[in-house]
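Dumping the structure here so I can ask a few things about it.
Chains: A, B and C, in written order; residue numbering restarts at 1 for each.
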């Protein structure tokens, strides 16, 4: 139940949930929920959520005991799952998540950082000057950590990794042989909130960032952690300078991403993809394997595997070049 | 007269001005000028400037005693305002401004910074490690300031604000409940200069940055201060990572700006505007209220309120999508 | 022979080269090579490389004693130059370069940095707090260095220069009167590697960054050093914030580059060029003198002098605006 990184303030009783959401809930079942997960990953005594008919198939077999949903969608849940009907599903689930993990909403600086000199570094790991290390950090052997970097709370760095200077990392799992260059910000909360006239309501980010083996992250990159799921970068994927990766993005293996590319929230990029400089990929898209996206392109719909695209909106590259001769 | 942030080296006598600009000036009136302001804000004994016939209406009722202008435009001034005729109005006004505020041209590091530990912090305000605080800085109560940040000279931070790590702020007024994330540079001089073969001539930046209540500024943002007016971000406006806001830009309230957006100098953005990732807005434009600008768009002309645009150049979104099906 | 910045581990015997590249080499000539250079700059006892028929003209008069090339191209070399035939020329030359300069492949932090307080600063040069200075650094007179900056190994800064805060510089030659603003990363290795399923192979970067007199580099810029040649920015050229300059790029004099522009590897930009915000220039292009590139443009082919372009792909600006009225 307990999250590896964010301190857990659960379980929540159904009557508390009822109070937070200002709805009546039929308490015939378990009197409390242990955690919040998506439809696929929720277990018994968990709360899940269903906000779109894109997920009806998964909804039918969820193991969750409760589900925040709408009046229209509630009949798609199995009998083992009690619907909690609200108007704004995402706002409701966000409020419950925040109650379970109150520290996942904003990134307060880690008050427990200490100079890395006080850390017991492993074999062959070397570090520069003025490095701060926070709570729940582990660093493997044969690593290099550059000057002025801040390895804030909840970071696990594998073996043979190189972290540049002036880089900030938190809530991130870094596998072996990863290189992260200078001035990066990795693992901060994503740009997610419910717009609200008087004061926007930020939603919690309980996902983490996972950077797999052999990756390289260029200077000035920003990689945000996920909201409900993780942000993940596959093995041997290289990112150039000033790239922005939003929350919940998943990138495959052996992918190459050139300078100043931006990938919006929740998009999924395949293996062996090449993305040229300054290209942008909208949110919630699926890009297949072996796709080439030309520099400067603006991708606004899914691209299936083995395609080459260019343009804004991005289309078949030969078609684009023929039209723009 | 005295500027809140830049040290004032005035007043200037008319004969000094005559010498700096290498022009003859009729000294029938006041023998000195106290300050430099635009046509609207200039008062008696002030110097103003008129360089384009876009401003003839305002020129007619300026209260300034002197106005730098061209031979063509000089007859549009009221009798109470003495024209000073030059060839390059902006260069001339820049030279005078620089004389009045010599420290506004370049951002030399603040020699008087001290570790924040020497600052008497208000109730409930907490700070990380290695923070530097310069001259003329005040920080409200219940604030958090992250590690390695530099709150350089001329910064006022309200209550309940969160400043990230590795962030640099100068010449900026931050209201209550503002969040600024990591690695930002806020309040530096803008990218303004007169191109000159042997050596470009930078123009002074006597404006400041104002960030109003409840705003959030993402990681890696750069927000430049204004030249003659201020750069301002309205209440409850949120900026994602790697956004660039140039000098003199004004952004309204409740506006949402996604990652890697750039807004060029002096543009004005309304309330409740949504700007998608990587969109760019040219300089000196006016974007109304409730405008949606799709990610990747390049806006090169004004957009009136309640429009949705997309493309480069940006046009009506339905038209764009129909043409690009 | 010795490189000014990277420690030299040569010379290499021909039999060593033969072993590294797994090819047989006819050792009728000199039994060792002293250095690696391009066709034009290589001298006797040097190794050069020929990988494309774009360079046949230069190849014919190279002074190099050995040349890595392909079976197809080998007959274009003079008799004084012994071909070394391989399948992948760039990979082969990269392996040899790495052997000669093993520290040019990755940017490990400089273990020998010390607080600038231990440096004997020249006349009138002043520095902020917490500045680190590495090996082989010299700083001219009348300079200002901002807080928390890292002047890592192999940096020469001229007179009257201003370096901002939180900026990292290595392997860079900075001439007089240069201003570099905050949060920049200058002189790191470029984004160059041979894609390889199990683990990409980085190529060495033995070029440096040269920033000539009177330049200004905006905040958050990344300027990568060259691989075989240098990255260079001409006199009195100004860059705005968040600009990315890739390896081997050469920019002329009096050029103006607005915010968030990206220039891909090995492109050459002329004098008096103006590049609007967020424009992107593909790699290996040649942009002439007095060219105007509108903001947001995507340049994918060469542009000859005195042209104004706009669009993606960039074309004549009048044509573009007529088509997009």
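FYI, contacts are C-beta pairs under 8 Å (C-beta built on N, C-alpha and C of every residue); 3 or more make two chains touch, one makes a residue touch a chain.
Worth saying up front: this structure is predicted, and the values here are computed from it rather than measured.
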What rotation angle takes the CA atoms of subunit A onto those of subunit C? Round to the nearest 5 degrees.
120
Proportion of interface numbers common to subunit B and subunit C (over half same, under half different):
different
If you average the CA atoms of subunit B and of subunit C, how far apart do the two points sit, in angstrom?
34
Tell me, which residues of subunit C touch at least two other chains?
130, 148, 166, 183, 220, 242, 260, 278, 312
Contacting residues of subunit A [partner subunit B, same complex]:
106-111, 113, 115, 130, 132, 148, 150, 152, 166, 168, 183, 185, 188, 191, 193, 195-200, 220, 222, 224, 242, 244, 246, 260, 262, 264, 278, 280, 282, 298, 300, 312-313
In the complex, the residues of subunit B that touch subunit A are 126, 128-130, 144-148, 162, 164-166, 177, 179, 181-183, 214, 216, 218-220, 236, 238, 240-242, 254, 256, 258-260, 276-278, 295-296, 311-312, 324
